[in-house]
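Some structures are shown below for you to check.
Okay, so chain A shows up in both of these, paired with chain B first and chain C after.
On to the complex of A and B.
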């Protein structure tokens, strides 16, 4: 993600003056556009064609064709839609799990202990092994991938949220609030939430590209998205062979698509973080 | 990169070798997991290198003597009498005796099925240069075993044999570094004449490592994937070898009655249990287009399990690429698209099934995609489905799977079509069981000699009324026969070649002792 962050910030390290809302709208619009276009695309556009194998980009196929004569542009669009759906679903589920566990840890000593042990346990296993196990246990294919990425990406975020929640709960101003007679929900809303929300947003953004990558990895070993279905991971791993034969366009389109979507998500996340960060210093 | 390192070390070592009779370097895979012991299965394909066999197959797959000078089968088909040549010696100089042959066959029988010796009873010495092999029942496909089981020495055979094989074959071992390379040199005692290579090295490792060796000029013959075959490096040319390494759609043949295997895998598929569906698939498939799509044109259409082999019966095939005939077949059987969704129905059931392919196999994936697309034209909704082999084993009795076979042995035809083999391993996963076909297969095994068995093998595929071929029960829809691609040094003459079996790589070594250098040093 560091490279993405640098890319999105630009060389100056500071962000230019456009209104945050525009960027958010741009990212959301891109995602909606991908989903809508993929849904409206006629199915035969994804067909194999023995007469058009390995064509370079040209008038008939704007982004070329792959080793089975499938149109790379159409396939990339369908793949992006698939990746975005899985990424969104997995990131949402993982973030929710992390938030629940992070807040639970703030409830008491025992709960904190349980969450801590659970988090360390899951972090202790190699992530990919865990992914394989969950994907296999929940039945391979798209369902398996969604479960696997959704159920394995929460521990890092949960640990951060747990730490953050504990720090806030132990702070002087929370003690002061409590002494002044503020209720627990009031403290949660006015003190806890403003500190956790930026972390949640950052976590969501960080999980999204990871989810797409892990979906690709699972698909690569035959446990994820079936290799004939369009998905960015499958297309990129297929393209390894094709690049040797000089067919650069097979990798270029899905690669560029992935970068654009991931980048717009990162920017979207930045905007949200900026908008929800607690005010610093005295007003 | 780590996989390339050993290969590069080998390359450096080879370049550093002193000039002289040029050694031969091959990267064709084939390293046996359990060593070079014929009793545990070494040598069934390609050249057994260290051992020799009683018989061997020539370029036309006809049998000729190797260790045997004469071989006869008794009238009742249960007793082979084999006369051995008297000049065969093991690579340590000791003569090969009938006792060694008897020891090999009896040991292989007792080794627990690592070599398929079904029906073999016992071997005994019957003369100074003669052995008798007794079968429990007539079994003509045992002939293939005579051509594949290498003879081991009774005295030198022991637990360490697989690592340090002694045999009467064309080569003896110099060095074997597991996973890296095998070096052999000619066996001076070999009865077959001189081998024109001072040394032969087999480099093992990844496909990529083999390609790199070829590009640096360090290897003389390399197995290459079809996708890269057309761009050989300087000094090498591409060799496409015809094979019976075939791929087809295996159909579950029985309706789904809720039955399962002992392991709990469901058996049967209500759609493919209808012969009309299977015949329509056979008629509709445009196999030429599948060859172009999945094999880059390097293959040929397949219509049976053993295309071009002596026991194949082309009469059993139906012409493909005829969607009109396929539609007629489906119409006549009552499959029609009444609700206009593009898929035919019959009795409320859609003409739909999955085409399962192993997710890691690009060729089978392309075949599944191509076939599914062609079947859509005739109103059959086939869904390509990629799974791991573990999952496929649990699905293959109830779903259509892209499977492949191909051997120089008609017993394979028996194994994949006889009712007794239903659900045994990968044999006959569709639970096909036709008494007439079974009878033909059994009659073939009972034939008095191999020539006489051919007619029965062919009748099993199509006897004018029924058979496992597309005109009969259409138990499979065969699609393509692969071509195996190699890069061969322009200085190497590999002579006449057999049609190759299932397995890309090592089978090309079958006639290795006959290869020649054609360039002057």
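On to the complex of A and C.
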């Protein structure tokens, strides 16, 4: 869906309402499919096979085998499932941090200042350097990756939520509700929550592909998933040696899988954000 | 009944209001004019208790106004300039009208708020319709004074006249004090019992 289509949608969302839903079903379906296929896949498919080393894609191995004779298709699937699990965990944690800090900023001037400085600090540091530092400090491995992604991906969303909360809190309609005798908790529930929810949902969906990409990045440089486990980053890292031997398929499958999963969620998030904005996009 | 005496107000070091007095009796329609930046809106917000004056007293029937966080609908209500910003875009019109309790059927009828609008969102109403909804929701049973800050500035001449005719008839009938903030002297002369000009 183009920006023009989103802008031209009617107030009832008749036009924009269906597209994000389909896209959402598509993205969620893709994730479920990956998780289910990886869970149902027989264990031996991931085994090393000295008889089938470095095979090109063919009838026996649809996407070829790597230098240890492991089936690339099966390994990519298992790696994507691992990525999705880590991505979901890390994105959930990141979104929770952003929500807590964004709401805290609306509490008072001092809290807002603290959250502002913290956000600027994390945004100011080079993103990947911070990821590496956190992953290293928390002991690498899957736990390290989850911590690293969770602790570095909240600032953008926190800033959006902070701004949204402040805009709502300073709005004429909140002042009117106050004058009509409504309490602060009531206003938080009936004015603030509906405005923040779409941002939280879209923020989560947009953090997810980042989390997956950075899990791959950390594993690629050896700070993520242990090398023997199936992981996109590890596979891409291994494929560097095999590409010089002309074994392109070892890099192609995990690379394409990663791009497809990340892109479908990225697009889904963008559309979701546009579609759940307040009617007519008023601030 | 609503009286402001010796009101001073400043934003930072910029003084906007200096020693301003204003009074408004029940059922009276008073105009408040003045050039841009003369403090019309600031005075309106002060009178409604949305801001606290740097100095001076604001009293309703001789008693100071309740604070900024009343537990029930405040007796002095303020209608801001842009109705589109004064309503939550996620809310339906019915919910907006119910915000201060059950809406006054007389006010709804007088302002021409149609029951058919109840399920619509603010974006599905015209500017004039939304201005009427935004005013009608303020007519709770304990309303004593209504402050309208340029509420008709965005409307065309016909819609402006209709709204003000209905509004002034309603407030006079219900013995509610009405303060019409407008830079338009002709409009004030036509609808107000008297006018006060700032700046």
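In the analysis below, the second predicted complex is superposed on the first by the 238 of 283 C-alpha atoms of A that agree within 3 Å, B and C clash if a C-alpha of one lies under 4 Å from a C-alpha of the other, contacts with A are read in each partner's own complex, and residues count from 1 in each chain.
Heads up, the rule we're going with is that contacts are C-beta pairs under 8 Å (C-beta built on N, C-alpha and C of every residue); 3 or more make two chains touch, one makes a residue touch a chain.
Here the structure is a predicted model, which means the values were calculated and not measured.
Within the superposed three-chain model, A:92 lies out of touch with both chain B and chain C [touch as defined at top]. In the superposition on chain A, A:138 contacts neither chain B nor chain C.
Residue contacts after overlaying the shared chain place A:172 against chain C, while chain B stays out of touching range. By the touch criterion defined above, A:244 lies against chain B but remains apart from chain C after alignment on the C-alpha atoms of chain A. Looking at the shared chain after the overlay, A:227 reaches chain B, while chain C stays out of its contact range. Looking at the shared chain after the overlay, A:68 reaches chain B, while chain C stays out of its contact range.
By the touch criterion defined above, A:182 lies against chain C but remains apart from chain B after alignment on the C-alpha atoms of chain A. Using the contact criterion defined above for the overlaid structures, shared-chain residue A:53 touches chain B, although it does not reach chain C. Every residue of chain C that touches chain A in the complex is listed here, in rising order: 48-50, 68-74, 77-78, 80, 82, 84-90, 99-100, 121-124, 137-138, 140.
On the chain A side of its complex with chain B, the touching residues are 47-48, 50-51, 53, 67-69, 140, 221-223, 226-228, 238, 241, 244-245.
The residues of chain A lying in touch with chain C in their complex are 11, 171-173, 175-184, 190-191, 194-195, 278-280, 282-283.
If you check the complex, the residues on chain B that touch chain A are 227-228, 231, 289-290, 292-293, 296, 357-360, 362, 365-366, 368-370, 373, 384-388, 391.
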